[in-house]
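Two complexes are shown next, each including subunit A; its partner changes from subunit B in the first to subunit C in the second.
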Partner chain A sequence: MPAMLRTLARKMGLMAHSFSGGIHPDMHKLSAASAIEDVGISPVLILPMKQHIGSPCSPLVSVGDKVLRGQKIAKSEGYLSVPVHASTSGRVVKIEEHAIAHPSGMGMPSIFIEADGDDLADESLEPLTDWRNVDPTVLRERARMCGLAGLGGAVFPTFIKLVQDKRFPIETVILNGIECEPYLTNDHRLMVEKASDILDGMAIIMHMVGSSSGIIAIEDNKADAAEAMQEALDTKEGMDGVQVKVLPTRYPQGSEKQLIYSLTGREVPAGKLPMHIGVICQNVGTTKALRDAVMLGRPLTERIVTVSGDALPNPANLRVRLGTPIRSLFARQGLEDFSNIQVIHGGPMMGERLRHPDIPVVKSTSGTLALSQNAMQSAHTVESPCIRCGHCSEVCPASLVPNLLADFCRSDQFDKAEDYKLFDCIECGSCSYVCPSNIPLVHYFRYGKGQIALGRREQAFAEASRQRSEGRDERLAQEEAAKAARRSKVRKTHAPKPAAEPETNTLTSATDNTPAATAKPEEKS
Partner chain B sequence: MSLIMLSSPHAHGGDSIRMMMFTVMLALLPAAAVSIYLFGWLAFLLIVSCMLSALATEAVCLKMMNRPLSTVLDNSAALTGLFLALTLPAATPWWMAVLGSVFAIVLGKQVYGGLGHNIFNPALSARVILLISFPLSMTTWIMPMSAMAPAIDLYDFSICATIFFAGTDALLATSQLSLDAISMASPLGHVKTEATLGVPVAEALKAYDYSYLDAFLGFEAGSIGETSALALLIGGIFLLARHSITWHIPFAYIGTVLLLAAIFNQAAPDQFASPMFHLFAGGLILCAFFMATDPVSSPVTPMGQIVFGIGCGVLTWSIRSFGGYPEGAMFAVLLMNCAVPLIDHYFRPRVFGHHVDEQNAGKKQ
Partner chain C sequence: MTESMTGLLYALGSLGAFALCAGIVLAIAQKVFHIEGDPMIDNIDALLPQTQCGQCGYPGCKPYATAVAGAQADVNHCVPGGERTMLQIAALMGVEPKELEEEASAPMLAFVREDECIGCTLCIKACPVDAIIGAPKQYHTVIGDHCTGCTLCVEPCPVDCIDMLVKPELIEHWAWPLPDTKRSQLGHERREQHAGHA
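This part shows the complex of A and B:
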């Protein structure tokens, strides 16, 4: 019924646009009214080499080195990557693998810094207070150098989006203050407390992409944040093209492509980026971090983390140095004993369940939750058969048919799964949330995506091997033919030349060895 | 707990199969109450025996397949039993009711692999098996109390128990009543019989003393749960409001029947009954709101559901107007059940972000 009313309202022009599907989970915004508190500096900070989407960084420091806050300690490898910085001053005590936020308990090479307590800053980066007169490409390099990645949780390197491309002029800059995950309030508090800084960041983004119009999108469950942003907007100069838009609360409105549709009525085509339809979208936390990077010359070394959950005595929003162990945050908020408690990294809808709280805060740590066994049990009971009620397709924001997709993934019919657009699933979890049979649909989708990716890699490898082998056969045949031709020539002249034979032999073995040698490293990759 | 892979999301809305099935049973409460008001203890005995035998059959099946018995209580078997009871004539004997329930659970559901795997609506398939196996019993309509009194009192438990356990003949033998005195034709059956004799619809209905109000309230002959359009509509609206079903199937289904009936009634009023008659007659409303919307055997996507509903509507009206049986609703639903995999395949929603060029072009300023 609500879906029908919504469609009707849209047709009648009462509602501009709204992404399809979605759910209304209990929001549990326990920490919405708690002001951001600074937690200070933990004695040891652990900085994993990969805190972004893309390839991991490699360390630039070795054990025993002194480092300063904001000093680059690991350099990015490859395009889709940003460097890591020391989040306080101190000494590198070890570089070894440490557990990161991953359900498997998987580890990642990490740099351990023992804080010296002085928190001395590396001031080599100049503040660019006059950024309006700075070339956008310089600012873009600044965003990369400062290690900025999307702080909403996806940690996509920020600089990649901040580009001017003549083919795709940016019409609208969208500031994402939706924060649709239950429990999380870090963006909410940041907007309430740092509205002016966020607007500075937004102005920088608009300057960088050459756009003059912008939208600050906030859901209606954060009226105080919308008010604060509007107030700051009214007093700020040169922000005439920017407006605050309050959207009705619905999960997953914060998802980039869904949000763009809600605001503009335009769909980002599958496989394309928002910039291809003239839009870019940045999270409010990232925007504030960009402002600090440009105007203060400060790399990304801290972030706001919501520490919450039904099993936590004092939910809060904390300003935390990257690398701070999550356990210490829970301890600060009154939780020491983790028996019968599940720790989640991120929100309950898309976050990872952790095996233990001994992992560091990283760039993607928008929040961390301590959920009671009860809260988890309701989500993770044994699955029953699918009764095809179709609730999953109703709520799917990508308009997929999750129950059929799950069937295909479960029975390894991956070609069918791809035909039903498995890769358009954003893993928002709405389908699993409403499933009366408690089917872990998203889990099946992850399995399917993983298997398909593996299959593609294997196929690519097999294809490469086949090409190598065919190339070799062809080459050998050619050499054989050349040899035969030469022999017949020799026979015709009746004058054997013994020197010719060994020469061809060495040539053959030399060319034969080269591809074999190059094949080895390829096999490893 | 530790063996379950804990993949996100870590929150759940709280819906369960048991709750969904229970909601449908609640929605059938008005219809069940009206059936008991109209047919007294007969309806009560039918409902109870169908539900109990469906539960027992389910338990035996699960036991034989070494599956956990706890799923007997997921309310799906009980609901199937209730559905079946509501589609039966009041004078159905106990063994036929039990046999129907066994058919519904075994042939309608468990042979396909149990809950969620059946192609056909279990209750409807059992109802059709009974109709084909026992055509006379399944088309003998005992008069409701509103028309019957004072011939026999259906609120008298012993009379009803005699009919239910010993058969209608046993009662007739002791009370010197003829079958004609306590039974009547259903409106659909009457119109069909008269039509074969060349009597125009309007005259046939006049002779039957047909009234739209009675049909709407349920004071007419028919299966115990299908007579009252009012009670079924209350249940249907409850399901829509609770979001247990969506509007697509019932609206498309009933809309199609009304449209076809209206067109043909305009063209040839002597031959074809009016849309209102079709709406209140037989099992249309029961089928549209409760049977065709059975999630397992209906399409998943909104577009598919509309196609499914239209198909059901066309078949229902066609069978009623041209077929050998007076009522076609259950055949229509079962026939469309077969088409569900095909409908699901061809009427997929447009995936977000695909084929958007034309969409975006229109909206670009």
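This part shows the complex of A and C:
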């Protein structure tokens, strides 16, 4: 009922816009007051060939090669992809599969670099200090070359968003400093400590997309960050169209679509991008990385990682080179024994449970948590029947009906699940969090999405196979017809002169022997 | 000529005219919306996995679809399609589902050991989906992305240099399993029991 009243009030304009649903979990921001510390360079760095959403990269170096910090060591294959760079100077010692933060437990081909300790940088990229006079397309290429991907955790290649499209002019640039996941404080500390750098990055984004107005969105549990940003904003020149907006804390406010609605009252339609409604959203960490890429010519080789959790003696925010094993970060903060501890990659709401801490820090590692078993709200082993309480629908930020969706997924009625907009689910976990029956709702949605994707892939493969099979049948029929036509022609022309017959016969059989199939590739292309 | 007589004539005349018009419309509609062939064959063909493997006893997926549509074959002969395909075809045909005779194996992929290949092109001719490339006296190779794993190329090879490998699982294609809870299993089983009646 209160949810309905809220919706009504919003519709009547009595309340400011705010996304519907959401929850207020305990925030546990244990490391909010700890300044960012540099952890130095691990002896061996492990760089997986895919650290972004999109197609994986292929290695450019081989075992034994010397590399410099920031040197491109793997090139992107395909458009939706960004390259991988060496995060320190040293030698490539091996290229083989290594565990990554993935629910399957499967590995990913990775490049292992043995650090030489000198940390020499590859300085082939020129700093573009005068970026205001640089063409946005050049800056966009710089963002791609430097391997930038969304550091908020989704790791969507950044350059794709930074584009000027006449059909979709960008009105507002939103800087996402919400950080609504419990425990995580990396964006928070970055805003407190590097406010000016972040603003430089924001100015670059605004120049790139041709927009003059911007919003820096921060939740009210980070007052010091909002203050720092406001202070930096007051002293920066040429940032008149930018304002800091403080929003009441609510999970999942940091989700792109929800944040845009909270700030502008505009909804991003299903299947569309924010740019289609004139908005782009960038995480503060990504923005700082963009500033470094443009103004210092420095590819993405490090990030801020929150190491936290109730089982960790010293929660902290660390500046970490990509490829550093997270086990060493836990060890640095005083945790060596992982028995009865659940390790999480990312935040507790949307992160991945890890089987072991032997995975490297990648671009998506906003944080890593060590939780004791009783800090986990539920192990989700005792799932009770749904009591139709409706809490899940009330908290769903995408206005879906989670209990119904879960039923459809559980019983493989995927067509119905799609009708009920399964793919609009952002997997924020709010429904699973509030469910009094401990139903692992998001898990069901992931199962459903996976099965639908599998079905589509199979169908596409079957369709392609059918076309190839039909094409082959057609070609064989044509060849058969051509052969028959030749034969009858031979018979007609040579019937009165039987002496010539043997010669033509050899000719025909020679043509027959030519494997028809060898012509296939040419015909296909 | 009584008045009732004229009334009758009017009625007959107007009904006759209406029938004529309707007849013309129907005749035109039959020409315009004419459907070539039996749509049921294509509908069944669309459900089949298109491996063209011939394990059903027919030379390909389309011939099997034709046989099923003509009620000459049972719905349970598609081995790679497995239970799901069988249930879908049964539902489409409106017949009772039938137990599968053979369990589907894991998805396979043909692989030519190139060192041993003599370039005879026999496997190329056998491949139903044009997934092997090569020329006479040159190595042949299988296009992994196009191979349906039908095994039809294995037998014709005179030097036995084609292996059937289990298709490697890609991390991008990994899908979440159902949650490991009793209820999830229960609901799933119940659904499978009822699937045939849908």
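In this text, the second predicted complex is superposed on the first by the 452 of 525 C-alpha atoms of A that agree within 3 Å, B and C clash if a C-alpha of one lies under 4 Å from a C-alpha of the other, contacts with A are read in each partner's own complex, and residues count from 1 in each chain.
What we mean here is this: a contact is a pair of C-beta atoms (placed from the backbone, for glycine too) under 8 Å apart; a residue touches a chain by one contact, two chains touch by 3 or more.
What you see is a predicted model, and the numbers here were worked out from it, not measured in a lab.
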First, second, both or neither for A:Ala154, with subunit B first and subunit C second: neither
First (subunit B), second (subunit C), both or neither touched by A:Val134: neither
Touched partner set for A:Arg457, first subunit B, second subunit C, both or neither: second
Which superposed partner A:Asp412 touches (first subunit B, second subunit C, both, neither): second
Partner chain(s) touched by A:Leu273 [first = subunit B, second = subunit C, both, neither]: neither
Residue contacts on subunit A - larger count, subunit B or subunit C: B
First, second, both or neither for A:His102, with subunit B first and subunit C second: second
First, second, both or neither for A:Val163, with subunit B first and subunit C second: neither
Touched partner set for A:Ser465, first subunit B, second subunit C, both or neither: second
Touched partner set for A:Gly265, first subunit B, second subunit C, both or neither: first
Those residues of subunit A which subunit B touches in one complex and subunit C touches in the other: 103, 380, 382, 384-385, 440, 443, 446
In the complex with subunit A, residue positions of subunit B that touch it: 1, 4-17, 19-20, 71, 74, 76, 114-117, 240-241, 243, 246-247, 295-296, 298-302, 305, 344, 348-354, 356-357, 359-360, 363-364
Contact set on subunit A toward subunit B in their complex: 1-4, 19-20, 23, 25-26, 103, 182, 257-258, 261, 264-272, 277, 342, 344, 348-353, 371, 373, 375-380, 382, 384-391, 393-394, 397-401, 403-404, 420-421, 424, 427, 429, 432-438, 440, 442-443, 446
Interface residues, subunit C side, partner subunit A - complex: 45, 48-52, 60-62, 121, 124-125, 127-136, 146, 148, 169, 171, 173-184, 187-188, 190-192, 195
Footprint of subunit C on subunit A - complex, ascending: 102-104, 106-108, 380-385, 407, 410-413, 439-440, 443-444, 446-447, 449-451, 453-454, 457-458, 461-466, 468-469, 471-472, 515-518, 520-521, 524
